[in-house]
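Labels run A, B and C following the written order; every chain starts at residue 1.
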Amino acid sequence: MFGLIPKNENFFALFSGMSKIIVEGAKLLVEMLDNFSDAVAIQKKIKDIEHQGDSQTHETIKKLNRSFITPFDREDIYSLASGLDNIIDLIDASAQHIIMYKVDAPTSAAKELASIIFRACQNVDAAVSSLKHHSKIEEIAKYCVEVNSLENEGDNVCRGAISLLFQEEKDPIRLIKWKEIYETLEMAIDKCEDAVNILESVVVKNA
Amino acid sequence: MFGLIPKNENFFALFSGMSKIIVEGAKLLVEMLDNFSDAVAIQKKIKDIEHQGDSQTHETIKKLNRSFITPFDREDIYSLASGLDNIIDLIDASAQHIIMYKVDAPTSAAKELASIIFRACQNVDAAVSSLKHHSKIEEIAKYCVEVNSLENEGDNVCRGAISLLFQEEKDPIRLIKWKEIYETLEMAIDKCEDAVNILESVVVKNA
Amino acid sequence: MFGLIPKNENFFALFSGMSKIIVEGAKLLVEMLDNFSDAVAIQKKIKDIEHQGDSQTHETIKKLNRSFITPFDREDIYSLASGLDNIIDLIDASAQHIIMYKVDAPTSAAKELASIIFRACQNVDAAVSSLKHHSKIEEIAKYCVEVNSLENEGDNVCRGAISLLFQEEKDPIRLIKWKEIYETLEMAIDKCEDAVNILESVVVKNA
């Protein structure tokens, strides 16, 4: 009869694999803006990472469908898997916009936002790990506060950059491009916040 | 005492009615772009369809409030009803934007997106029907994979069209209009994906 | 042993405090557009109100984490708290956009949307209060219908205003600014609808 019941830890391994993918994607986004002459090649790597994220998400859902016993509610596994997938999707979308819009050079605000995304993803990864180790609510709450404060910081940087854009950019098409790039970068940070909020509510429910 | 307990099948009938409305709306959207000289009249028909969708959704919620027994969780009926409503809302919004922005002629990308919406809606309808027939998770999962792949296709078409827009369109106001039309069409496909995901999670929970 | 179990009413008090904050923010937004020479000062007050909302939301979540017994599901308290927070966030974002984009004067459509937001927030507040008084589903449903109809009204005003913008505004950058202001105002009304929908589903579940 052993082996009939899938091991619960598998879900944690899948989530952990996913959060590592996210950190890797965020790291590449920072790199892409720092080495802008290699931007096209690095964007392709981010796209690959995003595909890996998709496979990981589908594997999680497939495993979920086959499992008799899950470490926490099926819906929560479901929403956590898609919450994590949303982050890498937005990192990928940001990189794509930058290439697609053929911008000349990254702005300092774009670099700053990428760095905030990276730090937020590191916190998401830490929060996912602490889930596995049956950590206390207080520990998850700490990562939530951290990501929440990064989200506020991102919000300010994004708002400041768009404000400047409206003051200085006279070409409306360039304005549209940069406004969207900033907003997509900021949305990636929002998705990190959503993910840690899902994590927090899962921990709250299972406390 | 008979008749005191509302028949569960009623919910399936309501959901099925709703998914038929969605397919009808998507079909009209395709027609609108194919017969653009009749666009104004067809958009009015889509608006009517959307109103029918609203009534259907409200009826579902009212029935929910009066029911002692439901075929699955109350919250799931709730989120499925609004998930389906979101699709027809976005089809309607797409049609409205096209009329409101007074575009000269539909582009091939717009037609392609409408056709993808139509196919995605047919899959949503099939998934809703299989819910009634107590189908297996694998069957719902198949429609999910199908809609997911249509969503990827839609994403590519939308991204390609917007990329072209930034390369060729010199009039910023026309660029804004078409960008928004493409994005609204793409969002309708996203809502189909959200709906089948809700369906899948309902089936997973009740497996 | 008395006092060990936190009083349930505290959650209702927190929600009620939050909905009062929302009404206050909406009232200031109306005032801001009516006394546009004081707009900068009033926007700062709205920002303060939004910070109060954040603290209130965090306090709710903290209390949730410490509570053994809650008046309804933990996840529902969670989603209601963030649903209410989203409203004040969008009111704040609207006010910020108006200042940030340095618009000359508020349009009548903007004033109309602010007035709709205010009325929607009053309904949210009434719905939150009726939650405390263990009201019937029918009463909450009434507020839902009301907010739903305000949302439709807001939709029409927003759509009309944007349509006019595309007809009359020749400066693309001004067009982008106003389009976004209208859309942000409209989104604040959407968030009111989301919040009463959460309320309704909570009541449905606990009926």
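The working rule: a residue touches a chain if its C-beta (ideal position, glycine included) is under 8 Å from a C-beta of that chain, and two chains touch if they have at least 3 such contacts.
All figures in this text were calculated on a predicted structure; none of them were measured in a lab.
Annotation of chain A and chain B: jointly contacted by C, touch as defined at the top.
Taking only C-alpha atoms, you rotate chain B by 120 degrees to land it on chain C; that is to the nearest 5. With centres taken as mean Cα positions, chain C sits 27 Å from chain A. Taken residue by residue, chain C touches two or more other chains at 172, 176, whereas all remaining positions touch fewer.
The residues of chain A lying in touch with chain B in their complex are 61, 64-65, 74-75, 78, 82, 96, 100-102, 172-173, 176-177.
The residues of chain A lying in touch with chain C in their complex are 137, 141, 159, 162-163, 166, 172, 175-176, 179, 197, 200-201, 204-205, 207.
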